[in-house]
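Labels run A, B, C and D following the written order; every chain starts at residue 1.
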Amino acid sequence: MTLSRRDALNTVLFAAGSTLAAPAIMRHAALGADPIKVVGIHDASGGLDIYGQPMIACLDFAVDELNAAGGLLGRPIQLINYDPQSNIQLYTQFATQAATKDKAAVVHGGITSASREAIRPILRRFNTLFFYNTQYEGGVCDRNIFCTGSTPAQNVNKLVPYVQKHWGKNVYIVAADYNYGQITSKWITKYVREGGGQVLSVDFFPLDVTNFGPAISKIQAAKPDAVISALVGGAHISFYRQWAAAGLKKSIPIASTTFGGGNENILLSPEEGDGIVSAFSYFQEVDNPLNKAFLEKFHAKLGAKAPYLGGELGMRTYIGFNLWAEAVRRAKSIDRMEVIKALETGISLNTPAGKTTIDAKTHHTTLDVFVAGCTNQAFRALETFPQQPPLDTASVCDLAAHPNENKQYEVDVKI
Amino acid sequence: MVGFRTGLQIGVALMAAVLAAVLLPRYLELFTLINATVFVSMGVLALSLGLIWGFGGILCFGQTAFFGLGGYTYAVASINFGDTTWAIPLALALPTAVAAALGYLMFYGRISDVYMGVITLTTTLILFKFANSTAGDQWKIGSSPLGGFNGIPGTPPLNVPFDPGTQLAPDQIFVIAVLCLGLCYAAAKLILRTRFGRVSVAIKENELRAELLGYDVRLHKMALFAVGGFMAGLGGILFANCVFVSPTMFSLSYAGQVIIWVLVGGIGTLAGPVIGCILIQTLTTYAGTLSMIDPNLLLGALFMLAVVAVPKGLLPTATNLLAKLARRGDES
Amino acid sequence: MTVLLSTDGLRMRFGGVVAVDGVTLAVNEGELRCLIGPNGAGKSTFFKCLTGQYKPTGGRIFWRGRDITALDPFAVARLGVGIKTQVPSLFDGLTAMEGVVLAVRRLHGEAEARRRAVRALERLEVGDLGNRRIGLLAHGQRQLVELAMVVAPEPDLIILDEPTAGMSAEETGRAADLIRELNREHAIVVVEHDMQFIRTIAHTVTVFHQGRVLMEDSAEIVFKDPRVRDVYLGKAVA
Amino acid sequence: MDYAVVVALQIVSGVATLVIVSLGLAVVFGMMRVINLAHGEFLMLGGYTAILASGQGINRWLSILVLPPLVVGLIGAVVERVLIRRLYGRMVDTMLATWGLSLAFIGGVTMLFGNSVTGISAPFGSFGIGRFHVAGYDMFLVLASVVLSLIVWAVLKLTPAGLIARGTMQNAEMAAALGVSPERVYALTFAAGAALSGLAGGLIAPVSGVLPTMGTAYIAKAFITVITGGAAMLTGTLVASGLLGSVLTVFTFLTTPVFGEVALLVMAIVLLRLLPRGITGRFLRRAL
């Protein structure tokens, strides 16, 4: 974690006996109203911090932006950030704390699907609205949660055809060994077969694996046309590095559902990262006026400490917060059910990532998807797919018809 | 016969547990209570290691193996049975049996000190790696998927015995956890008064002499190790009730933390490890809410300070200090 | 007279070194037997084989005619063998009383164990040390407390490994008296290399040399034998 | 056929990696009986040194091979002076203190460098075996493990410093009587061990990612390797690395990386059950 200006300010205020989210309050003390509490739970430390840092920065930024514009319903927003340190137990602890002690109006948080599944039941039990702003494997059907990131029907469904069109039919899948990787690899398998290709093998790797030597030899022996990676976290970056070191970049290209979601492309050298293709609903390099303006403000505020907003995680957090804020404005209340109802009217926002619309039936979003290639540590859009609905979740989940449903559906594909 | 001192300690501990169980739910907020339950469940784990290490000389680096096994067995069994009643004895029996088996392997193989540490550490790491790799559909026990890295978020909370419809509320689970901790403490104290407990302490002091007096050292160690496994398993059940089971329960960082709780609290005491556990847990949680200093840096610095400044652990140091003050008081 | 403990061709080798090389020996009930020999003669290895600390690589050990080869130390102790090691082996964290109680607690209830422990401590004239922590006692006192632990369960046989190690001349004298006194009720095997000491207590003496029994006879005869003198003075034996 | 060669090469490089990451711990534990739980963080610091140095435009070989051992050796010397020295002979306290140190290093490095450090790519490119490509750097690691082991052996066996160090560890009082300062010997040995760990970190930096928490992935494996090796620190570590590394790689090929690691751990337990004093507690006892 780098010491940002915000932290430094906190330090001073903390010493003065103020609360953690002091900057927000101080600035709006003039408003005199009770602050609305918003809780963020993201890993600022531990192995998943490459994803957590941009999400926290974007949430901070969104809250400050809103407060500078006068807050919500005449009240300032008080943001409370918790760092679960990449530890699932702390996730549950902080979620409980957010719901029962802070009585937060909304919780934005969760990065891995493991952490989401850990806190989702808690927030549901304690009637606290939950926004999960990460690209994930889809299928969550629960009226208390809004998933603002892209899902396989939106990203895998675009990535696989790209791979098959440009590189060849048959792929080898390497994926992180937990529900995200397991379910995503099923989706990849489904789309690869639909495209007339074969999945030669699927290898799963726990999050702490760093030695991919044997796997790389196995992949070579299988001779796929391409490798599709759903690898997650800091340790898995070694895969790309070792792949390049083995001189395979020229012979077998890599596509990924996760590469660039954190700062993978910056951690790798151009020789190692160039040519890897990903699909996300946002890249920092997306070229439109709103994004330009956003990045200008973002960098002006954070300066050199601004994290790279690789894939969509940070941006989706920014959008998720603004979707919630818009719903509060329309509902004229922070009451959970009122806000949910407002969101279910299909709120739509023009964002730096393009137009994002809430899908009432699934509580997922319709959004723009980009297939982008990595060149010289930055992404460049290769193909753009505007306004993609969350078809995967929509095929199994209808919260309008079954508002009490509470489960995660999984795609039924045999690997 | 229980000595006066032991009786007093047990009395005080049980009284404190009952008081905490009765009073705290009235005054604490729900979230504090749930956190407190987590701490108490880990306190049981700390107590188990405090018992076998401090009084049996068994340095187990992998006490979390039994903690996790207890939790997982509870979760899997209660999901399958649809009722938690019979899951509990099963979840106590399995870690006890595994501890006995592992104890048999180590003690009858005459493996000692550092080597024992490695074997126990390895055991918990194997379980960790295994549990971590069960995300696929093929990993299912009955109707309960093992869930890999995610663990089993749907771990059911305790229900009223034989009435699966009536689940206990978090404050009721807190009461049960605190009483369990109190009872474990009392049980440990009583065990140490029995011949078995005294021989165990003697074995810690001098294994050869105990053996030459005709005591089967291996059997005693194995039995004490199994008692430790039982308690750690109980801790795991309680933990599963207030969080849920996941591979983290077996992880290296938990395995190491247990040792630190015991050391910081005071090895050779029973209350010390529990106090150390709750203090450090509180600190870890608090550290997570700070944004000005990295929590790991803070904890690390504190541990180093603790070793250099209070090498005997907090409880013995505090007791000594009190005794000194009392003496000074008498003199003046 | 019945044979209490005997060995038949006992051998113990470590890698290429044969420390005990075919020792056959028998100790009768009530006997006081001394095993002597210079350093490195194999006495201590032999002792550890008897007490189960080493598993012999050949030959057999019998207790009242029953084969007890390769029993573990605790099982040997349970036969009724009290064992005192060369370096005092004690529970330093316990009080003398607690230690001795544990020595008899295996056989008796708590109250009886306490009575017997008190008696054992008094028998060794350290009754006043009962409440002291063993780790804080002086060397001589520790030896006596250990002996109390060995004697308290009233074993049929006591095996002592170099009981006079580190003792002053005066203490050695007292130890000799003590051993004679104990011998009234228990058979005793003393492993020792101090010839002077053996002279004051010995009945039958077995002399070890290079892992074998050099000779075995009454004390007077052994001490007159030139071979024994040569062994101790380091001359080769023909 | 060429696949068999590739698998064989993977096994060799698996073993070599284990040797490299264990040597520093082996020296500190083998010589001083200090269990250094911050060993993994010494690796991490070595990795960071390499990456920061090469980021500053310093020659790649200098960044990987020279600077990490120097920097981490120096850190080791400071740690010995400030912390370890107070705790000699207290094995368990040393463990607690070094655990704390490990956490503090992770926290400190996270605060200083965060997560946005660029990695360095592996030198050497790759070479082909039949239809397969193998990373040249893997083979360099194999060579490095051999050279490192030889250096450790030569220093301990052939130089006066090594003789003095071994003598001091055997009998510190005797060494002191002969005019050697045991304190200095301990300090130097610890620093040397730390330097080895730092070098290991520099060596593995191009292959694995460099993250504040990377040490935790290595500490358990290194610890288990060294202990399974037994009393003769160098031979033990080499033999244990050979056995455990082969088992790891073979099972990883046959099944998954997870079961590869499980197989490694099971193998360690079986070995310790059969040879309770480690491999060199029974065999090769005279070795170094």
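The working rule: contacts are C-beta pairs under 8 Å (C-beta built on N, C-alpha and C of every residue); 3 or more make two chains touch, one makes a residue touch a chain.
These figures come from a predicted structure and were not determined experimentally.
Think of each touching pair as a link: the shortest run of links from chain A to chain C has 2 of them. Centroid distances built from C-alpha atoms place C farthest away from chain D.
Annotation: A-B is the more contact-rich of the chain pairs A-B and B-C, by number of C-beta pairs in contact. The distance from the centre of chain C to the centre of chain D, with each centre set as the mean of the Cα atoms, comes to 48 Å.
Chain geometry summary: the mean Cα position of chain A and that of chain D are 37 Å apart.
One finds 43 Å separating the Cα centroids of chain B and chain C.
For chain A, the set of residues that touch two or more other chains comprises 1, 3, 45, 177, 204, 206. In chain B, 129, 132-133, 253, 294-296 are the positions where the chain touches two or more neighbouring chains simultaneously. Every pair of chains meeting the touch criterion is listed here: A-B, A-D, B-C, B-D.
Of all residues in chain B, only 1, 195, 198-199, 201-202, 204-206, 208-217 touch chain C in the complex they form. If you check the complex, the residues on chain C that touch chain B are 51, 53, 72-75, 77-78, 83, 85, 89-94, 98-99, 102-103, 105-106, 110, 146, 149, 153.
Interface of chain D with chain A (complex): residues 3, 6-7, 10, 13-14, 17, 107, 110-111, 114-122, 124-127, 131-138, 206-209, 211, 213-214, 216-217, 249, 252-253, 256-258, 260.
Of all the residues in chain B, the ones that touch chain D in their complex are 59, 105-106, 109-112, 114-115, 117-119, 121-123, 125-126, 129-130, 132-133, 252-253, 256, 259-260, 263-264, 267, 293-308, 311. Taken together, the chain D residues at the contact with chain B in this complex read 35, 37, 83, 86-87, 90, 92-93, 95-97, 99-108, 110-111, 216, 219-220, 223-224, 227-228, 256, 258-259, 261-262, 265-266, 268-269, 272-273, 276-278.
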